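Paired with chain B in one complex and with chain C in the other, chain A is shared by the two complexes that follow.
So, the complex of A and B:
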């Protein structure tokens, strides 16, 4: 999903409503052109803790969208009681939340692990401190300790100020799960921030960017709001470009009933840059392998922002479009394009929320990642790659957080790391990994995940990208790395936006299938 | 003591009964059920993730827990009529588990005071628990090595408690303090972050098998059809 333009509404000075108190940052947002990244030195330093230096807040969701999603249009009169009731409900429904509320010993292991903390220095962006904002309320209303000891035990009444902190800091978490890797108990801050956003939506405090997109998918079918007609036109014109470039009739089929493969991909792939380069890669792979395939206008979005707001029903409803497409197209296989959180939802959740996929061929994984699909073809000779086509590139792999820590590829643990790397190495002569502490399960989020890929949070996005940028600048310096290979639409949009803020060309970011598209040998097939 | 047992059991029951509706293992995770105990035990036995994260913190935590384990094992002679087989040799080793505990606890306490990130997240109860444990380890060590307590008397007292036939409490001051502090700790245990000892085993990110494509996870509350957005509708009704 591309960035939405920040619209600044002029308001006359007036007394703030409670909702505005919660949703407006204390210091006005910087204009995008005034946001700049830190100097790139190649090293990641743990900063000194500062208090309240990152009071970023995203725009509040408009009442009409809130209502459309079944949430209250405005901050509820009884928001306090409603929030506690919702919290009780979630504690009963999610073992993760219940257990993680109780067992944190505040050992401090996670305190230097969050990219937003490293980038902003704000103490509340340390994962444990972020979770404490939730625990303060939990302790006060749900534990004997908190009821008796109050603040001494870190328990606090849920008031407007605290709600304001919730709105700020639970929208400074990209739900990337890096902290959970280092937690002795595996406490997953993503689970807590999802629950917090779910509670906020239920009392009328929603985030504009994420909720607008969810509403758009319910209405039109994809994050970009492209209707089937526009989608068809886009695909047709891209087909023409492809034919011009390659001299071959490479197709980008839509809604073709009976195709072997149903391809579900993030809608940004259809025309955002550099996303579309990967789309060409998929098309060339299917073409050369001679496997019939199709996109679907019903399921023209792999992304699922329902996860970001922790709302099970919306997530399920969004995903159910894939089922509609399967019923319509009747494919034998289901393949998902390059997108991090989408792959987490598809890999980890689809079977539960919209499965079982009984009509699909059990010989193949249900669903399959495009990288799994392509690597199989590379291995069995279904496609041939000419590495020399990428000789101008020294790629490095940025593991997407949701793929790295929330999903898998292939049959073995860690396949999500080896499979994309094998693909890159099969299509390029050179390759270099970034520092071991910043890749694979310890990978840093790009800074734009979890529903934060919006211009009203641009400063936070630039700050949060800092650790990744430092790690990249190091291999740029030492190995001449000049390409960050990505498998996520959000990473692609984020890097394209923030690379220039660090003085790096945006051309450096691209998809793994962009490399495949360059290297694939078309036509001559024996 | 009863608070401890009932409290912990209640919490464990609650953790066990709360459903985990989605597959959320933190990957790379074991792809077969056999790998899960290995993963969980590696956290319990060697604090694997903590080791990955921060060696100083790991050392502090490990010293304390290892000392605590040794101290508990040495206390077994008070809880069983005859010392269980294999535990006897512990008494012949003249080590100081209390001192190992104190070293770890001291380091943990120090970190909360000197590392700004740890300071930021600490509240009164965090310091209190460390101090309580330090007091327990200190009085225990004193009772063992400096102000010797009559061990046979303690044993009779403990056996009496376990059999619900109380006998007179030993009167040495050091024992009384030590014993009272331990009771306080146990009574506080189920209401505090000390529950991590049990909760650790219920952490879905660590105890789930990574097999969502192969095996469909179904939880009763989470199988409703997507057409209805029940949670949202409830909220609407309540708000209108």
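So, the complex of A and C:
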């Protein structure tokens, strides 16, 4: 008897907690017959991912980190009511969210415009279907028809299964806003997905990758978790490399009070390849232009993952580090390095949440993008570029979605497209653009944005990169393109990892300032 | 997640990286290596030991460029290059060697 009992307990399947159930992979949905989503597929197939990854199910955030960020450690007992209350809150706070809930006419224009839908062919990844997960709940609790007619009116009770779908599909959206470009009403699914994540964190369902990183910035100062001592050592070591390469003392200053320019860049630039090649580019530009500059250990991160989880107060707290640095360094100018979502936060939010930047010189944009900064120098002769140094390269530009659709650059509309391209063309003799439907405001995300750049989502990342790979392979064939120029740390990391899976060398991905670093003429000016 | 070795349980994160750095011993390192399918030789230990030393001082793993440069300084150019390191650790020196060294997984926009 006793033995029997023991055997029985052993064989009993592991009982999942409610939270664990939420974290289970969701079941994909067949795509509707009339939706193709293969307009861009053609010759490129999505490679199989060999690694043992849990498909499309990002790890849940651990209780300690949740608490650190001020979220419940576990799925709240009263999660249902708390979620609805939070939704009411957000609908009131963000008028646009309320509008997006009501105005979708199910016209279908957005269905095949999402790279994750194209790559996964999972019907739930059609932007309208993704938003529908949110809308169902909205209708049930906030509309009269929904309250009375329920399912008939497309309304659904928020239960554990639906929450599980939320967790899965709002983490298969990189918040790239491509769908909104094709929507006649401009419905922005990215905003819906941010709101969904905000609600989930609020009831105790967080995603590990993003939340760990936010906690790390609060603790140590940057996404990498590189403390000031390590940062200093890393910069010094990089200065040595620069001297070896160029024979000149090119500095990477840190915490230098009174520098003209405070440079805020993604911490990946200090650490990873190819990111660091752009760091060398920044340093050479400042050096040659003779403009004093510095990084700051208080603001050693431009990125701001607070945006990915739709959490305003974390976004603000993360951004406030820039203010600390301004107070300390007292610069006249503020320049931001190559980072897509960081530029969106800097361009669209900094002035509201941490501005106004009264102490900075109003002659310059506050803040200014490094591409703008460098292009000005190219134009006014502050630096000279020798294009022949890049003759081995045929670059093409991958517009980062957050720069393309979430920000601008320079003085003219579309500056975010023309400025980086002008810079590339100023440093290279050859250049080719990818298919018009895949660049500029219609650019495809790299597949790793929005807090999805984590190995537990590797399969999704490979699938989501497919439309971009398709467009690249075309210019590879027709023009011999062999360099994808980037201005985003996430794009750089994503491509470095994903390119080899598509049979392309990881060296093909690099920063715009990597091209500048190759081409810049150093030494005495004539 | 966790694994057992000689009757002791070691806690790891979801990707199998040791949670408590202080629990690391050479045996633990060798065990993780075995799970990774890496056969540890003298050359492998050189990398692991360097990583641990660097981490002790800086609380973070070194940038790959620094790893390469320091390996070069200590062991000469034939060991101070990326191809050599990828040979030793096919899943990438940053990820795999850190894992075996008991260091946390490097994350961020990398």
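Basically, the second predicted complex is superposed on the first by the 483 of 526 C-alpha atoms of A that agree within 3 Å, B and C clash if a C-alpha of one lies under 4 Å from a C-alpha of the other, contacts with A are read in each partner's own complex, and residues count from 1 in each chain.
FYI, a contact is a pair of C-beta atoms (placed from the backbone, for glycine too) under 8 Å apart; a residue touches a chain by one contact, two chains touch by 3 or more.
Model, not experiment: these values are computed from the prediction.
Once the two structures are overlaid, the count of chain A residues touched is higher for B than for its counterpart among chain B and chain C.
With both structures placed on the common chain, the touch criterion links A:418 to neither chain B nor chain C. In the superposed model, A:107 makes contact with chain B only, not with chain C. In the superposition on chain A, A:182 makes contact with chain B only, not with chain C.
In the superposition on chain A, A:246 makes contact with neither chain B nor chain C. Of the two partner chains placed around the shared chain by superposition, chain B is the only one that A:311 touches, whereas chain C remains out of contact. Counting contacts by the rule stated earlier, no residue of chain A appears in both its interface with chain B and its interface with chain C. Taken in their complex, chain A has these residues touching chain B: 46, 48-49, 69-72, 76, 82, 86, 89, 91-96, 98-100, 102-113, 123, 126, 128-129, 132, 143-145, 149, 151-154, 177, 180-188, 191, 202, 204, 311-314, 316-317, 319-320, 347-349, 351-356, 365-367, 404-408, 411-414, 416-417, 441. By the touch criterion stated above, chain C contacts chain A in their complex at residues 14-15, 58-60, 62-66, 69, 106-110. Residue ranges on chain A touching chain C, taken from their complex, read 59, 208-209, 212-213, 216, 222-227, 229-230, 233-234, 237-238, 240-241, 266-268, 270-273, 275-276, 303, 339, 453-456, 489-490, 492-493. On chain B, the positions that touch chain A within their shared complex are 11, 14-15, 18-24, 26-31, 43, 47, 49-50, 52-54, 57, 61, 108, 111-112, 115-126, 191-193, 195-196, 199-200, 202-206, 210, 212-213, 216-219, 221-222, 224, 226-233, 235-236, 238-239.
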